[in-house]
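Each structure below appears as structure tokens.
Across the two complexes that follow, subunit A remains constant while its partner is subunit B and subsequently subunit C.
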Partner chain A sequence: MMKATSKEKTFNMVFILPALILFLVFNLYPLLRTFQLSFYQWNGIDKDMIFVGFAQYKHIIFNNPAYWKSMLNAGYITLLCLTLQNGLALLLALLVNRQIRGENIYRVIFFLPPVLSGIVVGLIWKFIYDGNFGILNNWLVSLGFTSFSDFAWLSEIKTALSSVAVVHMWKGFGYGFIILLAGLQTIPTELYEAAEVDGADKWQQFINTTVPSLIPVFTMVTILTILGAMQIFDLIYSMTQGGPAGHTDVPITKIYQYMNNGEFGYSTAMAVIFGLVLLIVSMIQLYASKKINK
Partner chain B sequence: MLKKQSFFKIVLSLAVCISFLAACSQNQEGGSGKSGNDNNADVVKIWHWMTDRQAAFETLAKKYFDQTGVKVVFETYAPTDVYKNKITAAASGKLLPDIFNPIADKRELASYINAGYIADLTDAMNDGWKDVFFEKSLTQNMFTDNNEWNVKPGIYGVPLDVSTLMIYYNKDLFTKAGLDPEKPPKTWAEFIEAGKKLKAAGIQPFVCGFGEAWLIGSFAASYQWSLFGKEGIIDTIKGKIPYTDKRWLEIFNLFKEMKDNKMFASGIVTMVNKDAERTFAIGKAAMALNGSWGVNVYKSMNPSLNYGLMYPPELPDAKYPLLVFGGDGSSLFVNEMSPRKEKAIAFLKWFTQKEQQVFLAKETLNIPSNKDAAQDLPDILKKFSESVNRTFDTLPVLEAWQVTNYINLNLQSVVIGEKTPEQAIAEIQGEKERQTKK
Partner chain C sequence: MNFFKLKKNILNSLTHIILIAVSLTCLFPVFWMISSSLKKQSEIFTNMSLLPETWQFVNYKDAFLTADFGMYFLNSVIYTVVGVAAIVLITSMAAYGFARLDFWGKNILFYLLISTLLIPIPGAFVPLYLLLKSLHLLDTRTGLLLCYISGGIAFGLFLLKSFFEELPKEIEEAALIDGCSRFGIYWRIALPLAKPAIATLVIIQCLNIWNEFLLALVVLQDTSKMPIQRGLMVFQGTHMTDYPLLMAGLTIATIPIVIIYLFMQKHIVKGIAAGAIKG
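Entry: the complex of A and B
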């Protein structure tokens, strides 16, 4: 293989320069600036920033229970997404993969919710859940459940977070569906034919052929689900604003709240901690999937 | 040929890079002097969030252009938190327009002033301008001697209107429940009694956008003023009176009493005010705590809505008068760094004169900040303008926002029955101590 000359290298650099500048300006600089700001007490306006070292990190870790509660709330939504949302996505992908008629129509239908705006979806579902006008309660009453006539799904502690999670899952299962379907279509049919010759029934084929072949896809879907669900914001913002009494607060709504109240330094420290948590979770997931693949 | 093509590609790539960098730096050179990206020296640019008033603003801007030849452009950014973020970002990038509002409490406003983003209007105001306004409408934009934020004493903002919070009540629903629509409840006991009758008639008694924490906090604050008075509130902020004081317990018990009597509309704790306004406008609730802007909102939602106004009900054992949230409404501030500062001030002076304010009041049904313009208001707005004298005084100190947030969250917790008033006030005191240590 011929080595590129320095002239060629320069020539190539010119082509990647626009992308590099975009990356530096819009990715790397904000990241480094966020990290830098997290060590300062600053309200976003004052000319002077006060260096406080790790004091804000210490306060968040030891004296901000509401932040960690919001992390648990996001964790709860993530857990539901990992199980129910991805379970549904896999089921639908398996059904559509059976070379049924109108496969493309299903693909489009299932992929519609993910492409809708989160704020719009949140507002629509807010109307569905509404205790005064909501169609969900009207439907339940028409089925005979009259005690639900004015039930406020988003204002009851027991149902608020789960109600938001349901909407997130409804909006998000299409991503998993598309990726899993693509994964299923890469599995060679010969594997199934061989399994069938060996006497494996459909369930055994699924467990011993489909699942192992899909592990890299599962890993990717799982990581995307975790990152997506943990970073939920637009639905919460439009449906509950973190209420009732903070029961649907998630890390991003807390960060937004602090930033809106002029705590730029503190909120960036929250963001850094949140980023680290997500990084650790993703690394554990990657490590685990590598172990399984071996 | 190949060399020519390569040369052309390199030039093209460099051109893309240069144009990109130029676009990034375009507005940095002039700082805020560029005034919200607009390089036109004759255009005064105003960023605001009042979507319902844009048409009226544009009409007045056209009139001003016809009279003076100065072009004024109003740009709307909503909702308010998005607008607020835009202002903060623009300030950091020194890209503020000529006129804006940081949507800030006094502490934040002080930061904007101290950082040199907001012009001191004292000289212009002392030229007789300040006399046209309701006194209360100026206080939020004014800093006195020895203020705790070290701001040079003076007037920094121009009030456009005033607003207060009162309770709207639906007269038809009152009649349906056997209540006298001309005698709304005045005391807390009458209020609860009315709530019981409304509930018995199958009507939701009370609605408000408690999902927006400041509204639930403002309702509670009326009783804070009534039970503690100004000095008591200041002492609480300074930590001399704990939040576990029995008067705080009494305030939280008021909310519990309302909850126990099923007075709250379904979903009130996550309801934003727009939803609460809709609930009241279509007759799904009999009483609504809302601001004077509600007059315009209800008119657009249900022009035939038959309603009256009442103050929050008085407590029998209160030592101090019951006050309501309000005073200043929407204000505008002039960018200190704007090269069109004088033009901006001249426009605002014109904008707040009687003729323009009467027009705004008529078109938008808000209470004008100009006292003279407030004389010719519809009855319902007159009641609001009278209540301006019963609004909270401006405090020389402010509670940490985290503590205020805790109060609002714990009020929500009491409303949904998650906590008892005793638990709620204990948690607020805990947060107060955490913030004091911080």
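Entry: the complex of A and C
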């Protein structure tokens, strides 16, 4: 194309101007504001913001066990997702990839839970889990587990977090499944044919051909799983609101609670710490996968 | 039947048994929601039959009219239609600019604009709340829409820029020589050619905006402006045990998404793949 004159270069900016303005005002400014607010004590109303330096960070790190408990809760859900959910997603992707009949039907069904909203899924499962009118207990009782006749899954300290995690996995495995299946289908069949010529059996083909080709895709699924599970909110809000007694609190519900109490500075400091944790975890994951790939 | 064929048949049956079991697990909660939405309230408390004794379609009329789900639904339609249209317009213009035009700071600006795809910013709702408050946009439709639109820019840009770059330049160059303006080329030539990528963008953003909850929770107080996800929580908070109406509300909130999904699932899968590469 023709070289643009400097007048044209200015005029061409018009194309990106709306996007740029929205980005600056609604993405960049809030990000910078988060950092700034985290150093101030402020209730969002007063004119004066009190500069406190790193005091809020210190307080969160050393004196707020409830916040770290919420981080651990999200970590627990994440760990279950990384093992059970992604294991299931991989198994299903491998099964569906065997050129079986009805591949597309399974694909459509498995990806149905991920397109439903977190609120809808949370409220359906809250009804299923309900101690008195839930169908889960009804089934358990008819199977002979009569002690479950009025067991409140979401309000018992022992079961609340795991029950929520199960729902998160139910909602999420289809997402990993779709990406892994797409990844499997991009592995050229020549690789398998060559392995077969070399006398490799199915298991050796899986270890030597499928696994290495799938590592980049699997890394991506892992990172998406971590970011999704750590930032869980809608399901918690619709099922337990963080209860019983904070046993299903997660970082986002914590940040929301503090913001709702008018502690804007403190809640942004929490957000910064949480953001850094997520960034570090993603970095480690990317680094590890590069190491393995070499 | 020889041994290998038998082995293969057994393996295939086993595969289908596993896949069907997982499918039923996926479908049952959705089925239970629909079935419960057609029951009488007394039936919810007394028996757990899979299907309603008598089908109470009147629940849907009640949900739409007396439980305000009609209003919430309409609000969600407005947010989704306006939000997605704005995202398509704004990001396609910008993506065309980045793909085809020359201007200052082009590369830096592009990576800056899509940086939100790479860096997680949890808790951005706190400063957004304060920003909308100082702009007097708190508890307004405009405020919520601006959050939604800006939230869709990075993904739209990422998706459309590479699509525009792959289009052949020749038609556009010919049009330029014929005296067509830059904007005319974008609007009449490039945009219609980008239909497949725009379809993907539209569907992904429809799902995102229709299902969004957290921002709607933070920004809105006035029930008459709430989208359906927020309305469901309001209803659930005040009518704890009116399960049939709640399930009718959940079904109403789900139907548009499922219809879009079933008709457009190819585009959704493409969008997921495109979105996943970003990581």
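Keep this in mind: the second predicted complex is superposed on the first by the 280 of 294 C-alpha atoms of A that agree within 3 Å, B and C clash if a C-alpha of one lies under 4 Å from a C-alpha of the other, contacts with A are read in each partner's own complex, and residues count from 1 in each chain.
Rule of thumb we're sticking to: a contact is a pair of C-beta atoms (placed from the backbone, for glycine too) under 8 Å apart; a residue touches a chain by one contact, two chains touch by 3 or more.
Because the structure is predicted, anything quoted here is derived from the model rather than measured.
J.: Put the two structures on top of each other at subunit A: do subunit B and subunit C fit, or clash?
T.: Once both complexes are aligned on subunit A, subunit B and subunit C clash.
J.: Which partner does A:F15 reach: the first (subunit B), the second (subunit C), both, or neither?
T.: both
J.: Given the touch rule stated above, what does A:N63 touch, subunit B (first), subunit C (second), both, or neither?
T.: So A:N63 only meets subunit B here.
J.: Is A:V25 contacted by the first partner subunit B, the second partner subunit C, both or neither?
T.: The answer is both, since A:V25 touches subunit B and subunit C.
J.: For A:A160 in the superposed arrangement: first (subunit B), second (subunit C), both or neither?
T.: A:A160 sits against subunit B, while subunit C stays out of touch.
J.: In the overlaid three-chain picture, which partner chain does A:N43 touch, first (subunit B) or second (subunit C), both, or neither?
T.: First partner only.
J.: Quick check on the superposed pair: does A:G246 touch subunit B, subunit C, both, or neither? Answer first, second, both or neither.
T.: So A:G246 only meets subunit B here.
J.: Scan A:W170 for contacts with subunit B and subunit C and give back first, second, both or neither.
T.: The second partner, subunit C, only.
J.: Decide which partner touches more residues of subunit A, taking subunit B and subunit C as the two options.
T.: Per-residue touch count on subunit A favours C.
J.: Determine, under the contact definition given at the top, whether A:G262 touches first (subunit B), second (subunit C), both, or neither.
T.: Once the two structures are laid over each other on A, A:G262 reaches subunit B alone.
J.: By the touch definition at the top of the document, which applies to A:F151: first (subunit B), second (subunit C), both, or neither?
T.: First partner only, subunit B.
J.: Tell me which region of subunit C runs into subunit B after superposition, given the options 55-63, 73-81, 217-225 or 253-261.
T.: 217-225
J.: So which bits of subunit A does subunit B touch that subunit C touches too?
T.: 11, 15, 18, 22, 25, 44, 132-133, 259
J.: Residue numbers of subunit B touching subunit A in their complex, please.
T.: Within the complex, subunit B touches subunit A at residues 6, 9-10, 13-14, 16-17, 20-21, 24, 81, 84-85, 88, 91-92, 102, 104, 107-108, 111-112, 114-117, 204, 211-212, 265-272, 275, 279, 284, 401-402, 405, 409-410, 412-413, 416, 418, 434, 437-438.
J.: Sort out for me which residues of subunit A touch subunit B in the complex.
T.: Those residues of subunit A that touch subunit B are 11, 14-15, 17-18, 21-22, 25, 43-47, 59, 63, 130-133, 150-152, 154-157, 160, 239-241, 243-246, 257, 259-262.
J.: Taking the touch rule as given, give the residues of subunit C at its contact with subunit A in the complex, in rising order.
T.: Counting only subunit C, the residues touching subunit A are 12, 15-16, 18-19, 22-23, 25-27, 29-30, 32-33, 36, 44-45, 48, 90-91, 93-94, 96-98, 100-104, 109, 112-113, 116, 119-131, 133, 146-147, 149-151, 153-154, 157, 169, 173, 182, 186, 207, 210-211, 213-214, 217-218, 229, 232-233, 236, 241, 243, 246-247, 250, 253-254, 257-258, 261-262, 265, 268-269, 272-273, 276-277, 279.
J.: If we count contacts the way the header does, which residues on subunit A are in touch with subunit C in the complex?
T.: Within the complex, subunit A touches subunit C at residues 1, 3-4, 8-13, 15-16, 18-20, 22-23, 25-31, 33-34, 37, 44, 88, 91-92, 95-96, 98, 100, 102, 106-113, 115-121, 123-125, 127-128, 132-133, 135, 138, 170, 174-175, 178-179, 182, 219-221, 223-224, 227, 231, 233-234, 237-238, 251-252, 255-256, 259, 264, 267-268, 270-271, 274-275, 278-279, 282.
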